[in-house]
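Each structure below is given as structure tokens.
Both complexes shown next keep subunit A, but they swap its partner, so subunit B is in the first and subunit C is in the second.
And then the complex of A and B:
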């Protein structure tokens, strides 16, 4: 029982990271109808920026701000370099271009920084607290806390602010939005910046738990994508629930079934969902086509 | 069998058999094989050639699935690996015959590809991209971790070759021969029935479905073909290099295959060979790049973005575009005779009987308990103000929407629950309000797909008969002389005529026309009216939906009027148009 609680805590902590990246996926998908296969690389790049800043001797909070600012810039470059020139083409060229971008980003970092995985200190000096039978790692607590805050922020931002509503209008009907005086390209730019920052945040938060490595991006991204399908593609709540569920499934799978195949569980669950319930837990909102 | 063959008179002009027309290709291939066998290469060159040859075959697979059918596969390296491990483990550990292992490699990848395709191809492209990546990752995990079977990261050594091709030189010649054979098949594929179906699915899934193509099966076939070519290539690769390990079949390799395919031109096997050759040779020339880990793959990633941005059709795409433009000016095939429509007459007097048909979207009753009876040989019109449920009715009839309740009987067959392509096979032909032609094909090819409808009794066997039927249909609508032009060079009105020709070529029992006059100018409307008369004169039953009252009242003998999803009038044309409910629905009541 103690072990189960402990695993549940760890699973939710990891799942919260998947949920953050999944949120970034969903936001870009809703705004552009494109799945950004480089979403995970945003996390990886942010983690490396963080490592670089901390090694330069900057304070942790300043490194954090610089890394996130760097991600915002990357979001701009990504939009202008990868998405924008292809915006009038079908989804297939765009997917392939984002895959290209993912390879470019991860291998550029590899070329600059070498294959050796890096270690990033956690935010807190205290490693964690013992609560009854469960040991609560401070970094996992931070991840869960930040995720809750972000989900609340996300809700407030999209439902209560004018900018959020403009973004929603853009994702639902670009032509109509532009006729109403909303600059569609600005909205898409904002979406890319926001989801790059979200992805970066996830990467920085998870870095002290995992090693900072070239592969961390693609691993996280694949699982976050699986989370969006499990939750129901294109659905914000689905992405979060799917991410948490996946984190828990994976942690329990590793503990009770097999450690080497830990990364395989997510994909097996994904394929099972695709076969038996492709619309996901919450159901993809697909309009019938005419 | 032989009796029916005798019934079909041989066409006057018979083109030369395919094998003769393609003789230059085979002579060229034979020369290449002889060169590969005869020239003395040193080991380094030999390895590069062997790699290029086997990789090209795997990339052919991508040109089928991505180029022809428009579906993405990011696990080609996994299928390549399946083939390589089948031959590797089979010959090295189990001491089986090479040929047996090679056949096994193809069989395993066929099953794996078909299974993967069947589980995801019903869903959109993003899912497919994701699932193939997942599959790729699982395969890599298994190769590394299932040490008992795969030898884990150590890989498989001492892979054997067939007795016949023991020397590297002769094995290379064998691989080049395989490349030539597979290349020929892939090159010829677009002009076969399956290949046309794949292109149709790529260009417009919806239109492909209503023209009698089983979209799902076509996609699965394309995916399975791609997987098998990957498996075959992997098997040959394993034999060539005698050693394989998991890192040769990783996700990065899948991306490399994709890049090769995109660079050369995804639509053609020639492009595949160009792309593969370049991407194997260029890195060899730029070996120094490999000294910095990652730099080399980073350049790959950048090239993918640049190719997609600036050269969407690849290197070969540039060349073949010019060729296509030249071909548009070539003469259209000869027309043997006039188009004959011979609608099937198995049922009774009523061709289409719709009873109590409803389609609800959530709470909205778009169509609510509608009855329609279309008499054989008549022109029947379905009219109604905007939002009355006309197009929804048509979409339910052709199977794009599933009926909430009610029954649709076509010529005695209950088609209520059939998929669109099955209804087409049962004798339904339709056109769309927003034209849905296969845009990357010529007018003739579009109409050929219509003529290929399963159950079309009006065409003989073989490609010549198909072309003949399609030419007849195109000539019938007045566009026969422009058969070889691409769809994009036709005006809107002419595209509509091509859509009608596509439906006519299939010799339907019932023709559904969805607002055929929409967007036409007055001359074009007159031409359309004439065309409808000529179609009706051949006894084909037509159900037409349109706003144009002049067209409807002159062409149709019978009119059904919908409003707010319900039938408000039905009967002989003039009587219906004077019906007070109809007048108030269109003009508003006083």
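And then the complex of A and C:
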């Protein structure tokens, strides 16, 4: 039982990381109909910004604010540089452009900061707490807490605020939205900013656990992408549930079946979903848009 | 003077051939080229940089001392991207340059394995740092190893843990790549011979983000000592931290990555008190100390095995070419194999017929973040 609780905690912790990055995927997909393959790099860039600020001697909270502000700026640049020029093309050139941007981002960081992985201290001074037989890593606790808050925030933001509704309208039907006086390009800009900040938040939160390295983003993004498909592409709740499910499944699979095939379980689940329920847990079966 | 037709033809031929001959002589003449496949990008880019540093340090010393065969030596670097396809591509790019006389391959066994068939085809000496024993034991005459192979690391880890620490219940954790698998196997064999077969043999896939299941397996096995073969330092860092968090504090004797500079930095206190076998230990010999000082002076950071083996490889290769008096691959090969009692940064090189230069390891301890030399264990077989 102790073992199960410990595995469950870690599974949910690592799953929450996937969920945060998956959320970024989903928001951009809903707004623009493209998958942003640079989402993982957003996490990596934010973690490096954080390391730079902390090394400059700034307080942790200020570094955090600066890093997220930097991500918001990156979201603007990304929208203007990668998405906007190609917005009238099909989804394919945009997707390729995001892959290009991801390569550019990781190699830029490599060129500026060098290949050495960096250490980022966690938010808390205590590494964790022992709760009975289970050890709760403080950083994982923080990650889980932030994920819960974000789920609540997203619900409130998209369902209860005018801006959220405008964003939803844009993602559902751009033409209709613009007929109703919603500035579609502004909404898409906001989506990119929000996604970049979310991705950055995931990167900063996970950095103390996984260390800060150039490839940290791509490793997480791959799993997060699987999580979005499992949850149902384009569904916010699906991204969260998919991410958590993936984290728990791979942790238990590793513990009870085989550690070396840990990643295998994640992708086996992905394949099973693609074959038997391609619309994911929460997705609705939709025919090609008319 | 009457010019015969034969003389005229010979003269014409010489005249036509001369520019081409001069060009090739000029191309050959400038420098002696050594190719180096090294990670410039990818997960091991950091270590790749150190490998280049080590090689360049040796190169500078060789060139300062007059070079090789009277010419300056030049290093041609190609990025192996830290992947197997990457190193195959990098090696083929380098091999296409016919004036490269020898190569430095990878410190990663899996990459050396990937490039090995091409190495046989090219038929020129390749210096390697990968420690999977099979690499030099499967009939490839062109691979020369500048680090002790894992038969030795396994034996040294087992010997130190069982004899010095007096521990007999072993848990082994290893990567499932070529290096980790061979290392785990060698350690299991060595332990079995010492009458202490491991109670747990646990593999993991590289770039895992979470090691909780592995740590719990170690905990449940009831082992009183831990032996590890980790390939990547960030994996090791995550594992070490989770190991301590989940309350596992048994003695730990690991492969060289446990005492590598980047692991020490990443894992911090989680690695305090661990032992590692290290092919490079700065305090193990005068040559190692001299290398350490030169490296610190040049790069303002501590050296480790990642930079020590390319340093030795360039030094010994250059000496071998000088001794061979030619860049003929077979003559270089003979000269490398004839290298005996050569004091390198990694230890004393005595090449055997397989191309293995070193036959033992240092045991070092992480003493509150500082790597301290403990003892050297060498084997004669």
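Here are some notes:
Going forward, the second predicted complex is superposed on the first by the 271 of 290 C-alpha atoms of A that agree within 3 Å, B and C clash if a C-alpha of one lies under 4 Å from a C-alpha of the other, contacts with A are read in each partner's own complex, and residues count from 1 in each chain.
As a convention for this text, a contact is a pair of C-beta atoms (placed from the backbone, for glycine too) under 8 Å apart; a residue touches a chain by one contact, two chains touch by 3 or more.
Just so we're clear, the structure is a prediction, and the values are computed from it rather than from any experiment.
Once the two complexes are laid over each other on the shared chain, residue contacts for A:175 go to neither subunit B nor subunit C. Using the contact criterion defined above for the overlaid structures, shared-chain residue A:114 touches subunit B and also reaches subunit C.
By the touch criterion defined above, A:263 lies against subunit B and subunit C together after alignment on the C-alpha atoms of chain A. Once chain A of one complex is fitted onto chain A of the other, the partner contacts of A:275 are limited to subunit B, with no touch recorded for subunit C.
When the two structures are aligned on the shared chain, A:254 is found in touch with subunit C, with no touch to subunit B.
Taking subunit A as the reference chain, the count of touched residues is higher for B when subunit B and subunit C are set side by side. Look at A:127: by the touch rule set out above, it reaches subunit C but stays clear of subunit B. Annotation: subunit A residues 107, 110, 114-115, 214, 260-261, 263 touch subunit B in one complex and subunit C in the other.
Within the complex formed with subunit A, the residues of subunit B that make contact are 66, 70, 72, 74, 119-120, 122-123, 125-127, 129-131, 133-135, 137-138, 141, 144-145, 206, 251-252, 255, 258-259, 262, 292-298, 300-305, 308-309, 312, 361, 391, 395, 400-401.
Against subunit A, in their complex, subunit C makes its touches with residues 41-43, 45-46, 48-49, 176, 202-205, 207-210, 212-214, 216-217, 220, 233-234, 237-238, 241, 245-247, 262, 265-266, 268.
For subunit A in complex with subunit C, the residues that touch the partner chain are 3, 6-7, 10, 14, 17, 107, 110, 114-117, 119, 127-128, 135, 137, 209-211, 213-215, 219-220, 251, 254-255, 259-263.
Residues of subunit A that touch subunit B in their complex: 29, 35, 37, 81-82, 85-86, 89, 91-93, 95-97, 99-112, 114-115, 214, 218, 222, 225-226, 229, 233, 260-261, 263-264, 266-268, 270-271, 274-275, 278, 288-290.
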